[in-house]
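The following pair of complexes shares a single chain, subunit A, combined with subunit B in the former and subunit C in the latter.
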Partner chain A sequence: MGWGGVGATLVGCDMPSTVTLEEGKEEVVSYLVPEEFVIPGVGVWYASTCRQCPSGCGIHGRVREGRVLKLEGNPESSINKGRLCQMGQAGLQAHYNPDRISKPQIRRGSSLVDATWEEAYGLIAEKTANISGSKFAWMTGSVSGHQSVLLQAHLESIGSGNHFVHETINNAIWAKVSEDMLGDSNPRIRLDKAQSVLSFGADFLGTWGSPLHFSTEYAKFRTSPRGTLIQVEPNMTLTGANADLWVASKPGTEGALALGIANQLVSKHSLSMSGLPSSVQSLIRSYTMDETVTATGVDADRIADIASTLKRRSPSVVLAGASAQGHEHGYQCVAAAMVLNIILGNIGETIESNGEFAYASMAPVSGNTQSLVAFSQAAADKRFDVVFFSGVNPVYTAPKSLGLQENMANIPFKVVFSHFNDETTAMADVVLPLASGEEDWGTHVAPYQAGVGEISIQQPLMEPLSKDTRGFGDILLTLLKKRKESAYEGFADYYAYLRNAFSTIPAEHKNGASDDQFWADVLSAGLIDVGVTDKPLNVTAVEFNMPKELGNSSDMVLAPSARLGFWDGRHANLPWLQEAPDQISKVVWDSWAELHPSTAKKIGVKEGDMVKIASASGEINVKVYIYKGVHPDVIAVPLGQGHDAGFSRYAKDRGVNSLSILDPKVDKMTGELALYSTNVKVTKAAKTDDVLVRFGGSETQIGRKLVSTVSADVYERTEGGDHVA
Partner chain B sequence: MSVLQHLPPGRFIEAAGRGSRQTKHTVQVSFIVMLLMATMALFSANVNADVPNAVPPEGEYSGIHVEQPIEFPHDIHADVNEINCMYCHTYARRSKVAGIPPTSKCMGCHSIIATDKPRIQKLTEYWENKESPKWKKVHDVPDFVHFTHEKHIKRFVIDNEDLQVENVSEVCAFCHGEVKKMTVADKVKPLTMGFCQRCHQANDGPSDCWHCHK
Partner chain C sequence: MSLSNLIDDWSRYRKGREEGGFHDYEHMWGMSIDLNKCIGCNACSVACYAENNLAVVGKEKFEKGQGMHWLRLERYWDEPDLGEERTTEFQQHGASFLPMMCQQCNAATCEPVCPVAATYHTPDGLNAQVYNRCIGSRYCSNNCPYRLRYFNFWSYYEDSWPAPLQMQLNPDISVRDKGVMEKCTFCVQRIRTVKDTARMEDRKVRDGEVQTACSQTCPTGAIEFGDMLGMYDPETGVAETKVTRMWRKHQVEFGKTKQNKQTPDMRGYRVFEFLNTDPCVMYLDRVREV
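Up next, the complex of A and B:
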């Protein structure tokens, strides 16, 4: 009997299966002339640069049989030191995405139809032939390196200075405050040297600055002795979830809280305000404990505790991010945080100079939202005849109240460089399909670098999947050749342009290597450090005021919080990121609204119910996720979903875009969109059959002791010894 | 009886460097098995004299004849001219895949040799167009099977001190049949799980699921 059983198993294993019988179905193609080190079946790693967000992390791509299969961080890169985030990993899905545009498209009547590059270039040449510079504009995302050089050259060739650089997720106000108060828009933050961090909504582990860089710095901050992290924000971010103390703030009160803490440091801990303008000194004096408690709603004990922690655990560093800057007085909120740094003596200790990138024409140009507002207004004023767009999707990221979509109709000729059809290509007259980040050449200078001046190389990790896509640099070069043939005729393509640029780099960077060897070394390392020039910090605290009244609305405030995942919505077409549970809510493939339990009770909703969120500028219906990590007066709807049908099969009919219903308010000092200042009415809406899909069933441990905790008092009483406060 | 036949002879265990791990019991078992094997050798033609320290896998298969872009004559190369399989399929001992030789390798000889033959002229045409022929895959395993040539060549060729490397085609023939008697390769072995499994049992190969399904 036993033998029979074995025999039966073996017969089972010998059953012909369709997969093993596919002789002659697949093709196998050898290399024509392989590189000596290439062995089929064995991966080779090439260095390049991640293009999934503007941080500019170095990557290594594993290439096998001419296909890129896996991306990892480049350990040589000072930015990410070998790490790569989920957005970076999902770069492969942007590359292999089935919805990529593979042919140029030209508008014929109401629809875009496939065209050839000759037709597209011909039409562009015709429309830009006699254009006056003031009638032409570029709108791009953050840009740097030789792409920036060529882009400026293209603007110059037309005689235009109109370059709108737009990023919804930005540090624009932090940069402006740093410029005004420290003389450096991009100071170096030494989390590794700090003993305590007070962050007003700076989600430095998720979306603030250079998240992977700060994650590694944060790891140093948390190791011996362990630094203390205090996060103040209206709704919990990934950084907030890691904090020792998380304080829910009513949006717009961050500045008041910072001034209140400053008041405590001065009055209770004898820190000096000298060096601050007298108006700022009296502003700080006015934020007494009572005044601060009234203004912020934060407990007096808590404010005193934060102040004493910052004093005791010195050096500290105070940061401000999206939720602190997203107000009509956003500049003041960030300035108040910076004042704390000055009072605490952090300048020169944990906030240092980053130096300045030595080659100005390649230096990073970082995007903001002021440009979006200005662009929309310019379009409304019919200032432009031709606009080129690349690396942006303003029709999606602009609040409907800006009227950008309507204003776009005033631009007679719109050219959109893109990988995918999206809300902006839908309005284009010409769509130019770009090579993916894994197919293109480029050089990138990261906007945040820790005291070094690295140029990160982007090199193709494989042949283009489609023969009709073109690299961004290649398109720019072609456009330039059509305008100024003589200056660019020596460059057959963008590779030749870059190769030449690296030949002409000053000899001091070449370490005595021959030209070819130097180029090979740079490609192999993926980067080259060309150094920075000194630019010492120069503290000049500026005057500012703080509005006492914040509208005092009984309405709630909408928080369009950003995540390392969909980012500003650009990655909603990547299934890995749709599938990855949200860091806070664990929701997949959907939008949700975070609501405090007490507020949910007031409105009469429970998890999964639908609410209507109505602002003066529009309304959205979205399912509720009930969570304590959100201020009771706030409803948070993370960014990313709610795309038009054209964007992608994966993002189609999925969730809502919380940016769409924001009021057109701006920070009065910088013109940046005030993203956290839209008042909304939240009401229960009719429930649909659609359920809110979340990973993880419960917010509590239900007595399972998954993470056992004991209070410090109990520990001291029962175990003895000191505890670290 | 058929199961016993596939137990490994003791000599193989030593040759694989595991002699020190044998207990007295296994030595005895091996001895008995050797006696059995010696008896059975009289009745069995399965033990291939050309590959020492190995029991060839059992099983036959009759695959369809696949038309290739060029009817590559394995027989002329491997049999008539006695070119070692691993000369062209150089990746087999270095990688999981044996690999089709790069077109540059073909041209290394055929820019001079047999240039008047129609097949070579067709090859030259590919070369001059900077293309490689699109061969049709004949031998394959499903995507959920991790098969590596490298490990098998190591076991039966590199680590097999008694094998003359000139006879490597006999090892290849375990799974590919007598390719040196064919023009383009046909599939003549089943390459099913049972086929693999029996050979792994007979040659003391790993039998954990994850070795192949990972």
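Up next, the complex of A and C:
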């Protein structure tokens, strides 16, 4: 339970059995007798929570004549402050998607056939009746709020502690380093205070942390006095495209570069290393300018320039993201970035504590890839008889080399909760069709909140499109009841459960409002701030080393970079996002490989030509896009496409999945998949009829003043100190 | 047509003849887009698809240049392509992003060439397109220097919204059929709703009350939208609108082909201003530390 115990807080059985937007109504009333607040032609806005990525932005849905037509950000939400990204906007197309599944499916032989909920629940009850806890597991995406509470209750009812939480796009190593060095896995990043940002592949405008939140903070960062952004990464992300200085890095050298910059700060700018362990101090001393240039291939002038900028533009903040953490020594690379923060005195200045969410059972549980590796191994060891999957598509996101697809065969009974048929449902024994984000109830606690403890409410914005889909919470409740958990019998549905939970919330959050008024206020605002408890940062820099030899392979490195759009591939079925040109390459409806012009010349390919990318674990053929935003030793294939035919008409037969050919390497400290450490051979391949389609005819402005640029000096001179608009 | 209407129209026509131009604007909707804040994320464009019933045409038609993105996110590199003269090894200052939508020109080049007056200027200062008057000559598109008009070569709706996707369509505006030109309207349906509400409440439209879909969703607040006629009113004490203030601050004025700024370094500019299109969209320079 989120608040209070289960048994003590039952409120009888007069809960509504069917949820309509008007509380207490028991059935859907036809429009002959419309609900009194429905005015034909007038849109009404309801608050809810976006479910397109784990960031947990608040949304408003415009409802007219019983349909939700448009989503906007909820201005009350501290996360997105009324704004919404393209994935959030496209949430409607996940809801109204023509390829949503609308009936439970049960495996009969080699195929899945439609079934009833009774049959599905009956089969699940049969398979889990006498299961021992160790033989059962859940695999989910990031989860929080009351869904998390019920999920834990379900695990407890079976006596299992096996919960694998998987997200391909994650901050797991940053979180681990922060935990180890600052005593807080989720520190607050003050972009608004920072005068300079050095980011090692942290795409905070696209995929790192809470991208929409950081975008709103970025606007403050760029307002006078305008902060300077330096981005170091193997291929350009959305954040890199907005950098004042973009530096190409060879994957794996990020840590060496960070230490080299630290060396410059100490030796040339007299910053102090005190507080760091002596082994780290001598590590920094060993990265002299010559050593760093040799290790990273970055010019000496550039390294000196970055160091002096960080010193001059103080306070600064140093971040590390996907391309810095995706190595066998990923932890060390991120740790080196964090050491820079300590040397620069950023802790307590631009890196603060976010506090701790007060209700542990509802606190966000963030996914990672270590869980994917562990799950695959457990399946290989035949540890599980029954596994439930929800909010994940591990058969797609797991590199083929992990053998997850084969290992899945070792699990006798697999239940997949899903909105769509995908690579994972194809292997399921039972598929349970979920209500969409716009049809379901829920409470969500965002993983990154700037010093507040908001619980964001997800409420249905319209009646379900199909009568045979069920909400995630509703299914969990039913499963719990079938486990003969008498404590849940009083709740007719998940709405009743949530309504009751909010009745039992500690009185201090109710501001003296009556129970009904409080509930109405919460629904209307879409969220409630229950505060956080203080958790001051405690700097204890840990010891770590840095491998000098990164393997002198002449092969290239594959960069499976992620984008705000398809995310980890989950949104490839949304036509708006397929037709929205990629922010960097401007490719639509396809995959592409990014190559540096000099590399393309070597391989002998032009834009649109096909290349074969072969790793030790597999190969893919993909068309190339050539530009100067990628390191010459790197070939980048952004995530999203390459789905099996089952995943909707829009994603069908489209592009490749670069995750599939990654080697099964992991970061040695955390077990996270080393996504940026697969060596590949790239060769020219035969062209097919399928062409690379891109938006825009010209890559440069050809001298026209379309986008005009001025220097930061000019900006400060004319608009400095002026914070208006 | 009543006599008073006739007289009003005639006097308006005479004034226009004698002094040049239209004078009785109720509003003049304009924008200010700060490229220092724009991150090129594309949220505005997808918001526009959602708000304005824009068809998804698919890969083959997109290749032929038939994408219907009323608001498109252009991306330019500083450094030339492969094969051109090599300058530096990398795009070391990132990309240049430009959100491009109909510039709602006050001297619109699309308007005079329409043989049926399907595109015309409204008293709101909008460059309007009357769908059911349009005969599909495409002269307007041909004449638009910004390439911001999108033609329905096919009945895109037939494939664009397979059930139940069509339930998302905004009932406040139409779905366009084959043979019709379409373009950004500054979310005229939102303007209309707010104006009607204000009229019913017997008051003026407030600054910030109308938000276009793009400006509302923009993650960094780079797009400012408002009434350019919203000047400071000394009698009522009503402040000038935000967007007017931005234009004034950046010293960009209507009716000019070249701005004569007191402070030449102020960032405001209008794209292709020298063509005398007199756009209602002002951009603010991208800024880079160099």
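Keep in mind that, in the parts below, the second predicted complex is superposed on the first by the 670 of 725 C-alpha atoms of A that agree within 3 Å, B and C clash if a C-alpha of one lies under 4 Å from a C-alpha of the other, contacts with A are read in each partner's own complex, and residues count from 1 in each chain.
We adopt the following convention: a contact is a pair of C-beta atoms (placed from the backbone, for glycine too) under 8 Å apart; a residue touches a chain by one contact, two chains touch by 3 or more.
Remember, predicted model here, so these are calculated numbers, not experimental data.
Student: With the two complexes superposed on chain A, say which partner A:Phe417 touches: subunit B (first), subunit C (second), both, or neither.
Tutor: In the superposed model, A:Phe417 contacts neither subunit B nor subunit C.
Student: So, does A:Pro597 touch the first partner subunit B, the second partner subunit C, both, or neither?
Tutor: A:Pro597 sits against subunit C, while subunit B stays out of touch.
Student: Considering only the touch criterion stated at the top, classify A:Ile39 as touching first (subunit B), second (subunit C), both, or neither.
Tutor: A:Ile39 contacts subunit B only, not subunit C.
Student: Does subunit B (first) or subunit C (second) touch A:Gly240, or do both, or does neither?
Tutor: A:Gly240 contacts subunit C only, not subunit B.
Student: Which partner does A:Leu205 reach: the first (subunit B), the second (subunit C), both, or neither?
Tutor: A:Leu205 sits against subunit C, while subunit B stays out of touch.
Student: Report, in rising order, the residues of subunit A that make contact with subunit B in one complex and with subunit C in the other.
Tutor: Common to the two interfaces on subunit A: residues 41.
Student: Could you please specify the touching residues of subunit A with respect to subunit C in the complex?
Tutor: 41, 64-65, 67-73, 80, 82-86, 88-90, 92-93, 96-98, 205-206, 212, 215-216, 218-219, 222, 226, 228, 231, 236, 238-248, 465, 564-565, 575-581, 583-584, 586, 588-590, 597-598, 600-601, 606-607, 626-629, 649, 691, 693, 695-696, 698-701, 704-712, 714-715, 717-719, 724-725
Student: Where on subunit A is subunit B touching in the complex?
Tutor: 3, 6, 10-17, 19-20, 22-34, 39-42
Student: With touch defined as at the start, can you tell me which subunit C residues reach subunit A in the complex?
Tutor: That would be residues 32, 35-37, 39-43, 45-47, 49-51, 56-59, 62-63, 67, 69, 72-83, 88-98, 160, 162-165, 167-171, 213, 216-222, 224, 242, 245-246, 249, 263, 265-267, 269, 271-272, 283, 285-290 of subunit C.
Student: Would you pull the subunit B residues touching subunit A in the complex into a rising list?
Tutor: Listed in rising order, the residues of subunit B that touch subunit A are 3, 59, 63-64, 66-67, 91, 94-97, 99-104, 127, 130-138, 140-143, 187, 190-195, 197-198.
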